[in-house]
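Each of the next two complexes has chain A plus one other chain: chain B in the first, chain C in the second.
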Partner chain A sequence: MDEGVKTKKTISAQQLFFLILQTQIGVGVLSLPYSVHTESGKDGWISILIAGLFVQIGIGVIWLLSSRFPDKTLYEFAPLLLGRLLGTIVNALYIVFFFIVAAQMLIVFLYLTSNWAFPHTPHIVFAVIVVGITVYLIQENIRIIARFHVLMSFLFIIVLILFVFIIKHLNVYYLLPIGSEGAPAILSGTKQALFSFAGFEFLLWLYPVTKASSKAKWKAAAGASAIAAVFYTLLSAFVYMFFSLKKLNHVPEPVLYMVKAVELKMIERIDLLFLSIWAIFAITSFMSYMYLAASGVAKLAKAKHHRKAVYVLAVLILPITFYTANPEQSVNIYEKISTLSTIFLFAVPAFLLAVAIIRNKREEST
Partner chain B sequence: MKKWWIMFPICILLSGCWDERPLRTMKLIFGAGMDMQEDDRYSLTIEMPIEGAGGGSSGQGGQGGGQGGQAQTSQVMSEDGITVRDSAYKLDRKVGGVLDVSKLRVLVIGEDGAEKGLYSFLDALYRNASSPLNAKIAIVEGKAGTLFQSEISGEQLHSEYLYKLIMSAEKESMAPVTNLQFICISLLDNGSDPVLPFMKYNEKNKAVEISGGALFNGTKMTGTITPDEMSAFLLLADQMGKELSFTIPADEGRKLTILIEKSKRKMKVDTTNKDHVTADISLDLSVRVLEYPPDHLDDEKKLNELNKLVSDELEKIFTQTMDKMKMADSDTLGFGRQIMAKDPKKFEKMNWKKSYRSADVKIRVKTKIISGGVIL
Partner chain C sequence: MSFWRGNKLAAFSPSADENAKRLTEMLGDADDVKQRKFSFGKTAGIALYLVTLVDSLRVEEHILRPLAENKSKNPEDALTAIERDDAADYEAAMNALLIGKTLVFFEGRTACLICGTERTALRTITEPLNEKIVRGAHDGFVENLNTNLFLLRKRVQSKELVIEFAEKGERAKKQIAIVYEKEIANPELVKEIKRRVDSINAEMIYSAGHIEQMIEDSTLSPFPQFLSTERPDRVAANIMEGRIAILNDGTPTCIIAPVNFITFYQSPDDYTSRPLSGSFYRLLRLFAFFIAVLLPAFYIAVTSFHLEVVPGDLIVQMKGSVADIPYPTIVEALFMEMTIELIREAGIRLPSPIGQTIGIVGGLVIGDAVVSAGLVSNFTLIVVALTAIASYVVPSTEMNMTIRLLRFPFMVSASLFGFYGLIFIMMVIVIHLCKLESLKTPYFAPFAPLRWKDLKDTFIRRAIWKQKTRPTDSMPLDETKEEGSREWMKE
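This part shows the complex of A and B:
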């Protein structure tokens, strides 16, 4: 009925690639090497690499599931698979999950900006700015969001250039011997790292709106995750080679701390430059999750457009900024979301795929 | 593009004023000296440039009563407290304006303080996001506070002068390339120890001179090395700067000054031996002769002799340096790190700092004289 609007193929495979990449690389970048290191020590980079492999499996599952319903997003085919009531519950849970993830991102964002650059600026100011531009962008359709995400991707190159300056200060011996932390430690680090790949589930919603062959869509999603995995692994390997292990225990945002040591002829405090770039990565992820949550709410409310849902969610998310006073709390939330995310990113899609196979549900593209 | 005008309100709205730091209300610290007093109180000495007075004798020369016709361009203050921060707050109370450390260029630590442990001096700096981790750090003989008080001829800002001094020393391989950030990493690494430039005030020339290096065991300073030994250490650690020179005794009481052009180092740490660690360091040096009065550098036989002499003498310096570092329990070359990389279990079992002294370090030097300058 309303599929005329919803199933229009509006974005290209390249845009799909950048949408997923930008959603994956978000607020977590700065502290990922630290949070993984608490579990798997200097072998954290291996944990991240393994997490990247797991994510490829997750993408495979999602792709198989979505290719069974080439014209429908998860919000649309979940009721078909599970029945109206259960499907709606799953959708609602996803919406809540996305909203919590978005809120957590905002909390981390506010905490880090105030801690590193703007200690006296009230949180609410940054919250309003970030939410404001997010609303401004995501009230539009997915194609415009995709264009913005593609446009911002040139920043990856700047980050890579920044890292070239660090190479000469690295000490390979900090990494050796490789794998000495043992498999259990490395795997529990992998669990920590998985959440930083969150964003690939976006494929469940982007699959029907992408204009490309099914295989090209898989390539774009898998490629984005692979790039993210390489990026994260490189980043954390750099951090582990830069800091000795004991020092790393003191530095919860090692990436920023590392770039602080770099001095270019003209520019001091490169960490601030890096922070600004990171802010854009963080905001693009935040936008993606807010969009997912808003489009879900619109679906539940049977609204034609998700614009109103965006406004509602924006108003709801602002009070959360008052909750950011305590960094321990946000770490606590992070841990919980991290566990939750494995359910929503891996378990639920796998379960839905199993149901689809058992009930032999499949649709053809129109 | 119809809404281009929206740019202007956005520009105004996006710039907040909570975190503005206007220069006129600030007192920038360019140089700082820290000491530990007998009663374990930290004393902090800071140097701030006076606005409008820098850059020559013109301008408002009268400020602070210029002595001997020269305008006073910097303000030095000192205070002590229970922690470094405590002393900093006490200083802040005396200064008109907010003290700001983000432009710090040089941090000098007094010898006594460094012997009691360096990290406690630096902790406050590491905690502050705006602190300049690329500032230079050095240890000074005596008190760091007196260094900032003492007169230095021809220079107006101590911090500027010390910064340049350290930078040029780094270039000439008289000091290791380091800063607050790098030093912290090796201070907290149990597999290697830092080396810092060591300097002292020269009364006669009214200048500060780099008098070698300070050796550390963990965070505590445990010894010093001479400038020659510092150069030797830099070669051993493969951290040679742009140039590096040695003066060594040649035959018949004559002296020879050489410049190391290129250095190739190979280091191998052998952990297979049960009770002690052996390390092999081989150095391949290309040498240019800077000064050698009896010039027979075209004679091949003579050249070979000279080659042998140079490598023998260098080997002596290297071994002497190594011995000093061992006596100071300072694992500056990071042997411990290499053992950890090869055999982490063994490293845990042994008391590395104890075995370091008895480690068997073999140093082999091969030199090649490539040129005698523009004459033979």
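This part shows the complex of A and C:
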């Protein structure tokens, strides 16, 4: 009952796995194949696969770093590594980053929602509802959030079943010859795809609260990212086999168009069903980032519980989403955050790991 | 403790008259207080009892006659009442008097003897009306606590079955019994439930529902956090899973905690029937849950937002049917739902022959007329009727209420936001279920937190011999349920 709270280890490795998976698979699902295709054409799926491999390296770095401080989150060990001032600045930057990512997710969510299903409903209505649901969940501790994310992961089964129905519409020749776009194009597509895997950095915060061996935690995080990579690769490969390159230029959300082709006797317009499931994935990712930001704010303010921070952030995020409601802006933001994310997901943890090794900082688990 | 004001009442007086008088005064000189004087040899005495509560025959046979016959040396030995006790003070004596015992005072002694002479008016043990099953035991609890405990003890003949009593109610006392299996139930949980029961400080306990509200984790949740049942077999099965049962005198309902969502879907029938059919009906019930909660909302979302999801062949009829109705679908559906709720409520209150009439008038006449009048479409009627049937499939009255309530937010939300409305409410409810705890254990286990091993008795029911361990949500001390029952297969 309470023993979990005392030792701070409150979630299992299984929950860690699903938390990371749910955070990684989010708003990107609908448009990732398109945005990667703009760089690397029909070889986009290779870009995504490579991005997935890079992410495995990123996870390795984070795991090495976190296993040096088995009882501390990044918010707690950054000041130890860099000194109080610098550490606090890094923390603050992370908070801002998470908050921006969350805001961006919400914006994309609202934009796609009104584009596909609810053109007449004002953005602010859905924004308030989504933020409201988010607050309802993330004011609780990580254990409850984990339970919820695990449950929602089962919607993947529906998505996979839909995939089976798409297979007969696919044309493998669209993919051939493999790799003809050239390495530079593929790599630049990789850069574009990296941001879709954002969410694995959650490990920096989940490592100390997970009750499992260090290796099991690595397996869970790496496994989640691997699944996400396979999922994204498969998804984009499907899209590139479904649309010819020419057609793809005209469909910014190719996944929905692809799903629309599925015809079941019982129900038509599967894209609407898919959109609803995607909404859940998008909201769970949004929840994770809001939680990360809120717990950071609470740490900065030295609050005992992150509840108040959640309320503050919820109030703050609404006007932002209201302000930036047109699609061009959201694409711009996406580009910028994509670059930012490489710093926060890869560079900073690597730098902190280097500092930890050089200064030989390491703590034992209590 | 308004009865015992003033300390002059602390000890008994040597005069039997005095004692009897005081107790009679305390009862406000009620007319049903009877004093019977007797003399046993040289000692005189008084038997005091409430004539409305005692079995007069027992008073006569076991107290007054033996005393009059005067066969043994001292009066205590003469009494033939089996149940005997000494009252420590007036409070104890008064409590005994109020549950139908007879007090015996002897002149010159500062003591009070309590003899068991209660009258019991028993309803016969019948199968509870609201929890019928096809196969298995057909007995049910009654209003008398002792009978209920007898049924439980008889069913679980184990030396580890613990029954603990608590008397609650500041003004009118009621006995509460906490029953658990001490080698299985988690002592932390037992302690917790006792702590909560102890803290009940009500004037009177009217029913099990009262206790439930006093001790449950979250009163405002739509989901019941205690399993209420009138079936001894269900209680016994739950006790053997490490859960704790609370019974109280005066109601046939027993409440059980900690429970989880799926407990409400487990019927004794599942276990007495074959694993395949048991699993089928379990799945059917869970499917019914989704129909009862989601179908009207889904229908509203489809007709008001996403008519294009309907397959081509059906869309013409559906569109035609809905288009003729002047009201939006949500109004139609709410109207029909309210009608069904009205029929149901009226059907319960009325005597059963009239209740059936209401069902026919409500169901057939209104249902038919409302469509031909053009108020409600055929499809709405089908959806609402199917939903009503599905909501009665759950083998628990409280969960049935919950389901019927839950559908309304879904319907309103779906009429506003279509499919998105559905997923918004669904998320809120799932989050709520993830947060909810029954006696500090997660309510939505084994789904959240996900415990693969415990899924064996959820969507499906595996064969009994495959369920070697107990579900862990009640944190049992001993997880093994059985091992090697099918060893004969190997020979």
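General remarks:
By definition in this document, the second predicted complex is superposed on the first by the 358 of 366 C-alpha atoms of A that agree within 3 Å, B and C clash if a C-alpha of one lies under 4 Å from a C-alpha of the other, contacts with A are read in each partner's own complex, and residues count from 1 in each chain.
In this text, a contact is a pair of C-beta atoms (placed from the backbone, for glycine too) under 8 Å apart; a residue touches a chain by one contact, two chains touch by 3 or more.
Computed from a predicted model, the values in this text were never measured in an experiment.
The superposition on chain A brings chain B into a clash with chain C.
By the touch criterion defined above, A:115 reaches chain B but does not reach chain C. Look at A:276: by the touch rule set out above, it reaches chain C but stays clear of chain B. Touch criterion met: A:129 reaches chain B and chain C at once.
Look at A:246: by the touch rule set out above, it reaches chain B but stays clear of chain C.
Legend: residue contacts after superposition of the two complexes on their common chain; A:12 is shown touching chain C, with no touch to chain B. Judged by the touch definition given at the top, the superposed model places A:233 against neither chain B nor chain C. Of the two partner chains placed by the overlay, only chain B lies in contact with A:261; chain C stays clear of it. In the superposition on chain A, contact of A:47 is made with neither chain B nor chain C. When both complexes are aligned on chain A, the segment of chain C among 1-9, 217-225 or 433-441 whose C-alpha atoms clash with chain B is 217-225. Overlap of the chain B and chain C contact sets on chain A: residues 117-118, 121, 129, 268-269. Residues 14, 16, 18-19, 102, 126, 129-130, 132-134, 179, 181-182, 184-186, 188-191, 334, 337-338, 340-342, 344 of chain B are the ones touching chain A in the complex.
Across the interface of their complex, chain A is touched by residues 188, 305-306, 308-312, 417-420, 422-424, 427-428, 430-431, 434-435, 440-442, 444, 447-450, 475 of chain C.
Considering their complex, residues 1, 12, 14-15, 113, 117-118, 121, 126, 129, 133, 136-137, 140, 143-144, 146-148, 150-152, 265-269, 272-273, 275-276, 279-280, 283 of chain A touch chain C. Chain contact summary for the complex, chain A toward chain B: residues 115-122, 125, 129, 169, 171, 173-177, 180, 242-244, 246-247, 250, 257, 260-263, 268-269, 271.
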